[in-house]
Amino acid sequence: MRIGILTAGGDCPGLNAVIRAAGRKLLREGHEPVGLLRGYRGLAHQDHRPLDHAALSGLLPLGGTILSTSSYDPYRHDDGPARIEAAMARGDVDAVIAIGGEHTMDITRRLHERLALPVVGVPKTIDNDIVGTDRTFGFDTAVHVAAEAIDRLHSTAQSHDRVMVVEVMGRNAGWIAVTAAIAGGADGVLVPEVETPVEEIAATIRGRHDRGKDFSIIVVSEGARLCFADGRSEKIVANEETDEYGYERLGGIGAALAAELERETGYETRVVVLGHIQRGGTPTANDRVLATQYGVAAAEAVLAGDLGKMVALQRGEITTIPLSDVVGVKGIDMRLLELAKVFF
Amino acid sequence: MRIGILTAGGDCPGLNAVIRAAGRKLLREGHEPVGLLRGYRGLAHQDHRPLDHAALSGLLPLGGTILSTSSYDPYRHDDGPARIEAAMARGDVDAVIAIGGEHTMDITRRLHERLALPVVGVPKTIDNDIVGTDRTFGFDTAVHVAAEAIDRLHSTAQSHDRVMVVEVMGRNAGWIAVTAAIAGGADGVLVPEVETPVEEIAATIRGRHDRGKDFSIIVVSEGARLCFADGRSEKIVANEETDEYGYERLGGIGAALAAELERETGYETRVVVLGHIQRGGTPTANDRVLATQYGVAAAEAVLAGDLGKMVALQRGEITTIPLSDVVGVKGIDMRLLELAKVFF
Amino acid sequence: MRIGILTAGGDCPGLNAVIRAAGRKLLREGHEPVGLLRGYRGLAHQDHRPLDHAALSGLLPLGGTILSTSSYDPYRHDDGPARIEAAMARGDVDAVIAIGGEHTMDITRRLHERLALPVVGVPKTIDNDIVGTDRTFGFDTAVHVAAEAIDRLHSTAQSHDRVMVVEVMGRNAGWIAVTAAIAGGADGVLVPEVETPVEEIAATIRGRHDRGKDFSIIVVSEGARLCFADGRSEKIVANEETDEYGYERLGGIGAALAAELERETGYETRVVVLGHIQRGGTPTANDRVLATQYGVAAAEAVLAGDLGKMVALQRGEITTIPLSDVVGVKGIDMRLLELAKVFF
Amino acid sequence: MRIGILTAGGDCPGLNAVIRAAGRKLLREGHEPVGLLRGYRGLAHQDHRPLDHAALSGLLPLGGTILSTSSYDPYRHDDGPARIEAAMARGDVDAVIAIGGEHTMDITRRLHERLALPVVGVPKTIDNDIVGTDRTFGFDTAVHVAAEAIDRLHSTAQSHDRVMVVEVMGRNAGWIAVTAAIAGGADGVLVPEVETPVEEIAATIRGRHDRGKDFSIIVVSEGARLCFADGRSEKIVANEETDEYGYERLGGIGAALAAELERETGYETRVVVLGHIQRGGTPTANDRVLATQYGVAAAEAVLAGDLGKMVALQRGEITTIPLSDVVGVKGIDMRLLELAKVFF
């Protein structure tokens, strides 16, 4: 069999590790993996590259994706579905392994249901918010980068009696924020799932000062919203047009929260927006293992004819679930938020 | 309540994070955590230190243990049990949180069963081989250090057409070896759970050379045994007397394997013994979270009267299990070994 | 002798390493180091802490400063000079080692000239722009953090055909920018020392695209100014009032440059503002060595009566220079900029 | 001009960065860089690969050398010199940039003097012991890796009241040992340049215990020799036959010192031999800059006809020196040893 592999959407540490794992498994079983460039665009526009042993060499620690990526959606182009059908008719590929986020899983499901494209999805997001899987690769790396940054900021906060606001990624779910807050020993966290009044954070900071702790670290998801005791609520939204996190964000939630906290508490407050350094570069050992598990599992699913599925991690086991079950956003485990609060 | 916290056995990244988490949770609930120095020796010899907010500050990223540790076993001292009973009679502590490895869990169980010491155990080993829990803190850090080392060795192996043997920790189980092998993209792995003939590894290396790959990385657990096609088997044992990994080990399995591989294949072979750098220093973000979960869960178990238990991670959930269930060694998940082999 | 040690101004990796080195050297020679808290405020307000062996333990890898810091300037307080004189009259300290930036060196010089305070300065800035010394501690760490971030951004830029603008610290000099640009393999750099028209950067980016390189990394000092081929020039200034880098900066030069480049080239452009993560946390090995050299040299200068001086690194040698020579800003070595341009 | 670039000898972080820098500079000036594979063997055996923009892409952070390396010495092969002359006669290359250690510089000098080969050398060793240059690329990375390891070992040493012996590279000079000792805050260091009686180290350790410091870190160069107060001296030599550090070393100086110290002091002592992880992998930012400076300077020297030279760093300036001056071993700056001793 000739099996196309594609990557779509934003960058995520471990993409190349998935490509390598799926490709190597397919080669070992006597099949032919082929790279489809820039997501489904490569399938629609017959833009391929061979994935032989040489092409798959050295990929495990490498950030980014050798297949490039895009936000191409065949259903947003008039000729998109027809092009996919033509590719199938030509026999360009016998099946597709699609590595992408929620949006890509949705496209993948539709291509499977409507055009009978033989597909297996691999969930990809640093945000860890894809429904149906306990963890996505890239998440551990994002948390690692965020926790390292918080470690560095701690020394400055402590030496300078400062409040430091750290804005991390997470537009719809607060997984990175709450996990990095626990790992970095933060003194407050704001996530999209819960409305946290600014006054509550300010009270925590004042309480710390009263106990002689003249510094605080507050972690905030980019998708958290500011709300206030008087009922006002304010969401600093990203540019809804763009699928990605743009520089419009720089005046976002972190800066707004820092300004509010400084006004509320009178303490000097600084903000750091971690941005793209959370989503690129070499994956952690942990993410390399998960990406490898997913890649091999996706190849196995294709070879077993277990199609229209997404590989997933559930309660410690690698498994597959129907793409039709991958709907919505997986919010944080509230027990993590409770755990973080033990230390506020 | 006055609750003693102790750390016993070898070093492990995250010990201080557990102490901090348990201590902070107890303080928050209005109880008094107290540090028992050098494991159960501190309980037996009334060697305590207070664990107030100041003492618990700054511990999350800190390697080692502020409570020191030892291999003191009350049952190996004639006056040991009596001393523990005296401490209980004096009311030195109302309960104990014991952080340690399999041996410490065994002592803890006996103290609970024989002397009715109110205890909760926290499983600690970088080796990840404690029965009853899916993961122990320190393991992710050990794998991270090993994978980073393998990344560094890769460039040398590749540029110099070398075989590199990397000896990692794991006397009874191959968790670190197999996980680091997957994360580092190794070309062979030897673990204590499976006898792998040296000739099989040599054949893999020769196969790689035949395909134009003039270098190989082989990962070996310190507790793996060398075996040969003719049925000979050889275990390079550590000094059985010492509870720790000593310099006697330096001429151990890694060096022996390297010599055999060089003899078998004729390719230049080098060995690196990672040793103690795997078991010290700041924990990864991942380990900090798990250590924090364990510490808080241990405090909660003590406060709930859920005694004679060990906190554990099972299928993604933090729980407690009877100490009497913590028997033997948890060998590796064989599916990991299969996964590693996809890339050999 | 009783020698006060103080740290003033912004955070900088290696402060604690200097304190430790000076303190340990003084203890070894039989003298008494004492910590003056929050810069010269501690001297003026008799706010001291003893620096014995225990207080100096564990400081080498530790970020921040155990002595806290502030921007207190005795010459901005009516009673400032009198308080310093009173401290001298009381014999609070026999000499002072002042660790700080250009502004602190200026205060230190005046206290020496006007009040005959026996002082030795230690130059501190991550920006490496203090006149009279070839390098300051903290600079190598800042470059290390920036280069690591650029490495991570590279993978995203490459996979997504993006232009990435990385804003690094450096208000008056471009040392961090040009060094990180060389170390990270950037495709353009803007520094305060040279006016670089936006069109020139845009032309480089277009040239890369023409050669098939669909991504670019541009590094910009926060103090660079945007200028244009038609002669317009625009400096996005920090809040001149604050001595520190505030969140007002977030809409600064990086975001402005990204917007201009996207407009000029039509390519998607993102910005990352590294901010405070460059100036906190554990120092690199290199910075720890320099900080240790400076600390010991400062102690030696005090003991030798070599006062009114600043320790410095000149052409590979540790030496002292008169504080009166420490005037202005040390701009970048233009050969570094030429070196960076070889790769544009 | 067609200019050959080669790498010879052991691995060293920054080799690829030098290749890239020299190659890119030559391309920019309109010349043709070509890779000679496996050192001078590639020149002798006409084993080349083109170095165009694509081949030079992505090399800056990459460990190892894309040109491979070997210990091939034309003067150890009967037909070696003739082969080099034939290559020159054929016009394979118009000049050679040779990146290697002291031995390679010696070969390069002879080829220049005897065969008039137009050459420029680039000094390469993690050991920093090449005469004529203040620093070599790779050294900062080796120290960084060693200091990180010492940081990790510190926590274990401290928690377990242990003496830890860390054996680092440095067969003829103690640069890595003394620099890592300063950066890691070691309590003792042994280098090849100075005979340090084991009893002296033991006395330091006992002195620390007397002051309540129950742990110590001792750094030892692999080329240090053990000596004793009674005049005995013992050098644990590497296999003199091999140019590289082999597994024969594992029972070397570190293990011997640990055994002696444990015998002398009675304290538990462990050894870690860092080995090859010091000499592979991605270079530090600092080494990337130096490697880039050397590569560009070597290209410039070739183009300027400044031949028979080695590029060097002297008192902060990049320069060239005659290859005939590169003789012997550059021992450590004794002031570094004095600096380290302030903290013993």
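A few points about this structure:
Going in written order, the chains are labelled A, B, C and D, and every chain counts its residues from 1.
Keep this in mind: contacts are C-beta pairs under 8 Å (C-beta built on N, C-alpha and C of every residue); 3 or more make two chains touch, one makes a residue touch a chain.
None of the values given here were measured: they were computed from a predicted structure.
With every chain reduced to the mean of its CA atoms, the largest distance from subunit A is reached by D. Annotation: 34 Å between the Cα-based centres of subunit B and subunit D. The centroid of the Cα atoms in subunit C and the matching centroid in subunit D are 30 Å apart.
Separation between the centroids of subunit B and subunit C, computed from CA atoms only, is 41 Å. Shown for subunit D are the residues in touch with two or more other chains, namely 151.
Chains touching one another, given as pairs, are A-B, A-C, B-D, C-D.
Residues of subunit A that touch subunit B in their complex: 21, 24-25, 28, 53, 60-61, 134, 140, 143-144, 146-148, 151, 179-180, 182-185, 211, 284-286, 288-289, 292-293, 296, 315-316, 339, 342-343.
Listed in rising order, the residues of subunit B touching subunit D in the complex are 7, 10-11, 13, 15, 62-65, 68-69, 145, 149, 151-161, 164-165, 244-247, 250-251, 254-255, 258-259, 268-277, 279-281.
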